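Can you read through this structure? Questions will come right after.
Letters A, B and C name the chains as they come in the text, with residue numbers starting at 1 for each one.
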């Protein structure tokens, strides 16, 4: 009843192909932006920003990266964790070498390194499909993990073997390193994610995005329509890894403050893949929803389950057991979603919107 | 709007006069391992005609189309398209030199809408680079809208306005075939290859499709090579017919000539070799 | 120049100078190669029968071994524990088929693959909750597997053959041969290959998909249990095994996804390759630890050159 396109006529193709064709959608998006940029920084505390919102944004960006590759181009990857690592280490090396350059520039530039590495490991995709690519991207994962551990130059010969976020300032506010301002970090993260989501949605709805989806849906037909698989696949790998790389340097510089090689291990790759599956393959909105569920659910369970078990049963469980419980729940959710709704939460959202449109009538 | 405003209302111009040779296939042989799919086939396709390729199942018709648009690479023989002679070419090259096609089993992009599928046909006509696409403002948006117009013309031509935004996976078979034709047309091909455009259709759908094929041929002057099993349709539509059997050419000529050719009759009635 | 010498000359000098070391390395490569083959075989079984790339195969190895040790720890005799573990694997096979495979029949391969990643997570976390996450010792002696070692003297040095390794190679060989016979010569084997080719066609000639799937998932479970016992006898039962089990994937790439001989030869190539590479090139030149990625990088290079694997069938694409 409230969510209706009735009376909103589109007179141009431009209006017809707009991102948010309905007035109510535009309203919603402005509403969310105001909440994100104004309400949360004002009301959120250190825990909410640092343990929930910033990681959520970082993983959303990584999920967008993986979704570009897997959801839009149909190439499975289990290497996103390592590609995040490439971004993080690249950013670390660059900002140490040129401390005076604005850190934001390096955060974006680190994506370029990640893109180059991604293209290299994407090369086999030109000759192989599906599962074989899993092996190729796992090669990236394990090789890069090893490199982060064994090449001391990458972590600047630290005796800890870890990289730590050096302190850098933006407009006079410290945004990276120890003692950085959480709120500022959050706003920077949000701004990066909003801008990059907007870029992603533009690319996807244009010629390049279409050529990715053509490869995904029917690669032979795509080739016969004039899509060059070389360009389409490698550009998807490049863009995907770029996003992961930026997410990786955000993770180190705007969230954790430091990172070890284990921060980029293959469990991360799985986590990101789960976000994409659960959120919805081939949906940008899904990346936000998937990241929210997979990141926030374990936090809630860790917070609530042990006391609950303590209260109603004679057993006591630790928070690490609670984490295992959330792993099981996530695993089950993945299987259930694949069975019931392979397009994930994003499709559920679309269904809800459809229901809203006709509400209060059933059809 | 600039001078290059693409519009479908004029005939596709490729600088070849009607009746001249558009495609010439010379002594093509193709085999997979030990299996010979095509043996020493030659024929030509003239600008503006509808050329039918017929033959029993397994005669090598689809393989022939696959060779023409570069999907299979023949071991012997050459293909001359618009005066350019090649043996091997990539599907991409075939597409960009103006060959477009539909498929025997509908090969639409199932996850995309009708509109996007037909827009996909215009891939080769769009050139704005990555950075413009990223912003989707100015030139990139302008290009997108321009091509949308052309696509809308095709949608109107094929009478599929109502399903413009439907995902193609959910459409009935007849409509899918129509969308596929639209996608092939969107590339503004010089040579349109249709692989069994009417397979599995009922009479009414066949009539519709035949009308579209004739309209495409006459309105846009597109040269068409088609594979079809329905002899009635072939005899009505085609200007000239090639008959293949066991990978060999056994007949070539006007429909009524082919119809009375003894080899062709034998092939269809199944005389032992 | 120095680097070239280090790459192309020095490793071979070392090999020549210390033949006992070389022989020992080859033997270790052979043993881990047979175990990789065994794990890969589990993948091949399920892939052949259902077209499903079962990512959970690695964790099934760990899970089976954990189950065996866990049941034994409750005071159950070793052989009974073995039988009970087989029962658990059968139960697992049935539940996977019932709750995952059946509802997903005819879905795209990528969906099925992702569902097995979901299963992987459930098994990892479930295994840790039930059995605890700490490494455990395998009940090698209780199962009647040999321990101890023999020593062979080779030109001034010694080569040690662990008896468990010899047993592992023999058991793996028997199991592989048995499975190959089973799938090539029996009626179920033929039905299985029919299912692999085309689910619906197989259904239409009266083959019960469900039954076949339970059989292969159970067979894969048995293979996983064997691999788990043999591997854990060499080290320990721990979740780290799961990462090692992932090396079956490059083995499959080398061997081809559908070929049993491919899985064996691929396993041996990877087994020999990674041990030799790490010892003679990895440690002196790259600081060691190359075993974690060597197999994958080899597979990657191989994919560029021959994507269908050594023994896989080359597909002619039709449209």
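Simple rule for what comes next: a residue touches a chain if its C-beta (ideal position, glycine included) is under 8 Å from a C-beta of that chain, and two chains touch if they have at least 3 such contacts.
Computed from a predicted model, the values in this text were never measured in an experiment.
Among the chains in view, A has its Cα centre nearest the centre of the complete protein Cα set. Just count the C-beta contacts per chain pair and the biggest one is A-C. Each chain's centre was taken as the mean of its CA atoms, and the one lying most distant from subunit C is B. Averaged C-alpha coordinates give centres for subunit A and subunit B that are 41 Å from one another. In this assembly, the C-alpha centroid of subunit B lies 48 Å from the C-alpha centroid of subunit C. Centroids built from CA atoms put subunit C at 32 Å from subunit A. Contact of a single residue of subunit B with at least two other chains is seen at positions 71, 103, 107. Those residues of subunit A in touch with two or more other chains are numbered 220-221, 224. Residues of subunit C in contact with two or more other chains: 317, 319. Subunit B meets subunit A in the complex at residues 69-71, 91-92, 94-96, 100-101, 103, 107-112, 116, 119-121, 123-124, 126, 128, 130, 133-136, 140-141, 143-145, 148-149, 152, 183, 187. Those residues of subunit A lying in contact with subunit B across their complex are 12-14, 17, 199, 202-203, 205-211, 213-214, 216-218, 220-228, 235, 282. Residues of subunit C that touch subunit A in their complex: 53, 55, 99-100, 103-104, 107, 109-111, 113-115, 117-122, 124-126, 128-129, 243, 246, 249-250, 252-253, 257, 286-290, 292-293, 296-297, 299-300, 303-304, 307, 317, 319.
Across the complex, subunit C is touched by residues 74, 76, 121, 123-124, 127-128, 130-132, 134-136, 138-139, 142-143, 145-146, 149-150, 220-221, 224, 266, 270, 273-274, 277, 321, 324-325, 327-328, 330-335, 338-339, 342 of subunit A.
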